[in-house]
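In what follows, chain A forms one complex with chain B and a second complex with chain C.
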Partner chain A sequence: MSLSSERLAATAAGFLAAAVLAVLYAPVVIGALFSVIEVTRNGINWGGFSLAWYGKLWQNQSILDAVRTTLIVSACSVSLAIVLSIALALYVEWEGAIGRRLIELVVYLPFLLPPIVTGLSLLIFFANLGISRGVATIVIGHSVFVLAVLYRLVLTRLQSLPATLFEASADLGATRWQTLRHVLWPQLRSAVATGAILAFTLSFDETLISVFLAGDATTLPLRLWAMMRVGFTPEINALVTLVLLFSIALAIIVSLRMKPEGEMEE
Partner chain B sequence: MNSLPARLAVFALVAAGPLLFVVAPIGSFLVMSFARVEGHQIINDMTLDNYVAFFGNWVYLKTFLLTLWLCAEVTLIGIVLGYPIAWFIWRRRARTRYLLLLLFVLPLFMSYIVKIYTMRSILGLNGFLNQILVGSGILSAPSLVFLYNQGSILITMAVIFLPFVILPIFLSLERIPRNLVQASADLGAGAGTTFRHVVLPLSLPGTIAGGLFAFVLALGDFITPQMVGGPSGFTIGRVIWSQFGLAYNWPFGAAMGAVLFLFALAVIVVAGSIASRQRV
Partner chain C sequence: MGLSLKAVEKSYGAQRVLQPVDLEAADGEFLTILGPSGSGKTTILRLVGGFTRPTGGHIRFGGTDLTDVPSHKRPFNTVFQDYALFPHMSVADNVGYGLMVRGMAKAAIRDKVVRTLEVVGLGGLLDRYPSQLSGGQKQRVALARAIVCEPKLILLDEPLAALDAEMRRHMQFFLKDLQRRIATAFLFVTHDQEEAITMSDRIVVMDKGRIEQVGAPGDIYYAPKTPFVARFFGDNNLIEGNVRDGRVETAVANFALPAGSRAEPRPVLVAVRPEKISIGGADGGRTAIACKVEETTFTGALTQLKARPLAAPQTTLLVKMTSDPGRPLPERGAETTLSFAPDTVAIVEVGS
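Then we have the complex of A and B:
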């Protein structure tokens, strides 16, 4: 009796999952569809399949510039966050006595708070210091935002390593730097790589902080937002589809890397 | 490395980045909230005017309260839809489980701006929703009710933030040892009893975390209201954003930001303490 009611619940949840999946993907599929199919005032012209908009994309200089800026911002902010997250995680693990809770709170805060708070606080901070807005300020904003992700992954990996690893290294006369370079780094590398890809996708799509810090610089999401106010062309749908494919590829890489780890924890 | 000054020096070195770019900016925006604008000059004479203007003006206060209500609705929809889905994924065999999870989490990695835009085109006058409803005869003519109001903000946010709710719930379900469920069944508990007394309590921390994500994300969002909310769909985030754009009143924007900041902080702390108490 109760087994069948459980099966009933599972079937209902399955239908719900299918329906929600359709709703979640509808925006994406429709956008991708419009990039290859002509939409006119009278409706959708299914015969008008064409990849022409993908070609036109490469002639739009403002979009190419925005893509380049976004890639630069993401690469810089992820690199900064990697260095900082390793330093913080090592500090917390080795010297954690002073201020561990404080550091963790500060690291997680920009990730947990609404992005608008991070954005406007950095905006006012930079304005007070007389620093003009641009690519560098976006990089800082993104760095503090993605730091939490990298820190979490690096710290988890660091804590999973046996203490005997460091002890053996120290007993053999290695300095801390040598231990870091030859013992820890090979162990941390894959966690850092996973975190870096994850952080990259977050930074690549980040909009709500960038809006406050961009000044004259334009990242891709900001460019898209500006274009949406005047209306979209199929060209944008083409771009968006490419961006989606790119981020899906990154997400799949992350999930393939994360899965075995999760199983190991069991 | 063991003397106190040396350890303090290491701490200062490591903590410099976060302190400089997280704590100092929050401090400077809180200070800004006590300033005022005169002409194009920002003068800081530690006035409470901005807070008086916010709490004394029903229009702003109402927007804030309506935003909180909106966030609560987004959170509720997220949990009501997200929990059964996370549970469904969790019950699959290992191979389909991760594939399903990936499918539900992938939308997180898709452009946020684009999702809002396509939601707008789905809900609009010539959008998919109207075409389907008119085509199937439910509506006689395309309706405007789906776009440019509070309801369209709610629908869009619910769609965009749902994966943020599913993931933590799934992760907390995944942490439940399978033999615990088995033991409960062996002791004669039915599926419903096991769910109520074993699965549900143990997955509560993840549920709270997921709800928290949805709530906080909805709280600060200003692009969704601007894109699908139309002239009537104002949230506190959109009002704050306008102070840094057209309205150009940074101190007032900072004051409203401070209210938002303190409220979000309180929600995070309360949710965190409930979740950690459950974990015991």
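Then we have the complex of A and C:
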């Protein structure tokens, strides 16, 4: 193939990629645009830049409550999953561990199964135990769901650490807790942080499991879903834009932390 | 009252990696466990360090039974083959770790760490991180981290294996010198027999999970007790033979039984060190062997000669002699007489 036709192909591929990106992101851009300009019955007032919708959003108590519930749910479920993932990874890596494959299956399954199955199973489980649904049940549901992500990252990190590191610590007189605190935790910290961010974004927009487990509680995705039936107000554009910026920030942090081979920065 | 192992053994399922072993190390002794991979040498070290538990027997130190004492409560420290430095800690924190977990005050730790790093020749590197150090420097940090706790015994697991040849020779002398200065017993594991000869007070030679021989380097070199030791430890000429009527009979030569050997008739292995054979001269009770020269090689200080005895051409004899430019060497294919003194020969029992 000659140089010019190669260049032609590359240019064409570039245009195609640009077109795909444009189609994918146009709604997002339009949503963000409509959150800062005026839209009236007569058309779009391109000159009318205003942050009015953001102000309106700030006064919408039901949305703010949903955001707060979502943040609480995400923070709690991620914290719970961090503790569980470290404990499980340590156990699976221990030479005397039994039922390794079963544990891994149990950890990964809720992430791989359709959320509708996970949500429904948990709903039946809680109903049979007579546990009333609310924020606590959503937290449990999300923990089960995001555990797989944290577990995978923690386990990979743990497996990359030489066993002599912990032997050396014990050899120098450290108890198990001292080894955990001074040697293991500093080595796991970055993997846990990356996993926590990923798990947080998953929990933040999780909808299906929440539907089954919410009871009277309302998370942000559930609130938006409910609003779909009565129609959106333009302040939703403001909310979506804020969520988008937040997600982009988290994604950038994660991608900066991950090296190409999937390892974490120190 | 140093380290004592009594009938210590280790199995993984049906596989026994260490046969029941008895071993003693005196206070202040440099004891080396030498053997090929899979000989069980590292297993012994890991059992002594408390990283694995024996499936039988007792490990004692100074009269105290340590068999069930966990690693962190044993008065030993280990230098690992991969050094196992904590990557997230500076050199100072690595070396001070053993003192920190014991609850020593920060200022006292700093003091002791500085002094210890000077002992191993690394003063001034306190704030570096392991990733910024060369192999030799990491090695010294690992050593400093072990000696700073003032253990009764230091365990070293092939600590020189990862270093280049020059650094390794340098570290051999450094380790031996350090061991004398701190007057602490070293239990050193290696597969390198040169390392073992240079540094050890005593050597334990192991093969297939068994101790083959324990002794001073000279004893093991000149009086190997088993065919394995005779083969593994330095170059040796090994000739099968029989003891009969106070003489040793082989296909290569017959000669008087060396003083101190049992006269009982039996098959034996005759081990003759290459440097104990010389060209010519059957005088003074030396045993002469008529040979055909196969090859001569000048290697610097030494010249090597390979020859086949006329009486047993299937055997090759290796001779090492001091190079001498004034002395002509026999040509390849020429016939020459080699000789050795019968009392420099080791009679190795082939066992039952």
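Here is the rule we go by: the second predicted complex is superposed on the first by the 237 of 266 C-alpha atoms of A that agree within 3 Å, B and C clash if a C-alpha of one lies under 4 Å from a C-alpha of the other, contacts with A are read in each partner's own complex, and residues count from 1 in each chain.
The rule we apply is simple: a contact is a pair of C-beta atoms (placed from the backbone, for glycine too) under 8 Å apart; a residue touches a chain by one contact, two chains touch by 3 or more.
No experiment lies behind these values; they were computed from the predicted model shown.
When both complexes are superposed on chain A, chain B and chain C end up sitting side by side without clashing. Contacts of A:A168 after superposition: chain C is touched, whereas chain B is not reached. In the superposition on chain A, no contact is made by A:P234 with either chain B or chain C. Put simply, more of the residues of chain A are touched by B, taking chain B and chain C as the two choices. Shared-chain residue A:P115: touches chain B; no touch with chain C. Angle at chain A between chain B and chain C, computed from CA centres in the superposed arrangement: 100 degrees, to the nearest 10. By the touch criterion defined above, A:G195 reaches neither chain B nor chain C.
Contact with chain B, but none with chain C, is seen for A:P27 once the two complexes are overlaid on the shared chain.
Here's the short version: in the overlay, chain B gets within 10 Å of chain C at its closest Cα pair. For chain C in complex with chain A, the residues that touch the partner chain are 49-51, 70-73, 76-78, 80-82, 84-88, 97-98, 100-102, 145, 149.
Only residues 1, 7-8, 10-11, 14-15, 17-19, 21-26, 28-29, 32, 81, 84-85, 87-89, 91, 98, 100-115, 117-119, 121-122, 128, 159, 162-163, 174, 190-192, 216-217, 219-223, 227, 237, 240-241, 244, 250, 253-254, 257, 260-261, 264-265, 268 of chain B touch chain A when the two sit together in their complex.
The touching residues of chain A, when paired with chain C in their complex, are 162, 164-165, 167-175, 178, 182-183, 186-187, 266.
Across the complex, chain B is touched by residues 1-3, 5-6, 9-10, 12-14, 16-17, 20-21, 23-28, 30-31, 84, 87-88, 91, 95, 97-99, 102-103, 106-107, 109-110, 112-118, 120-125, 127-128, 140, 143-144, 147, 201, 205, 207-208, 211-212, 221, 224-225, 228, 232, 240, 243-244, 247-248, 250-252, 255, 259, 262 of chain A.
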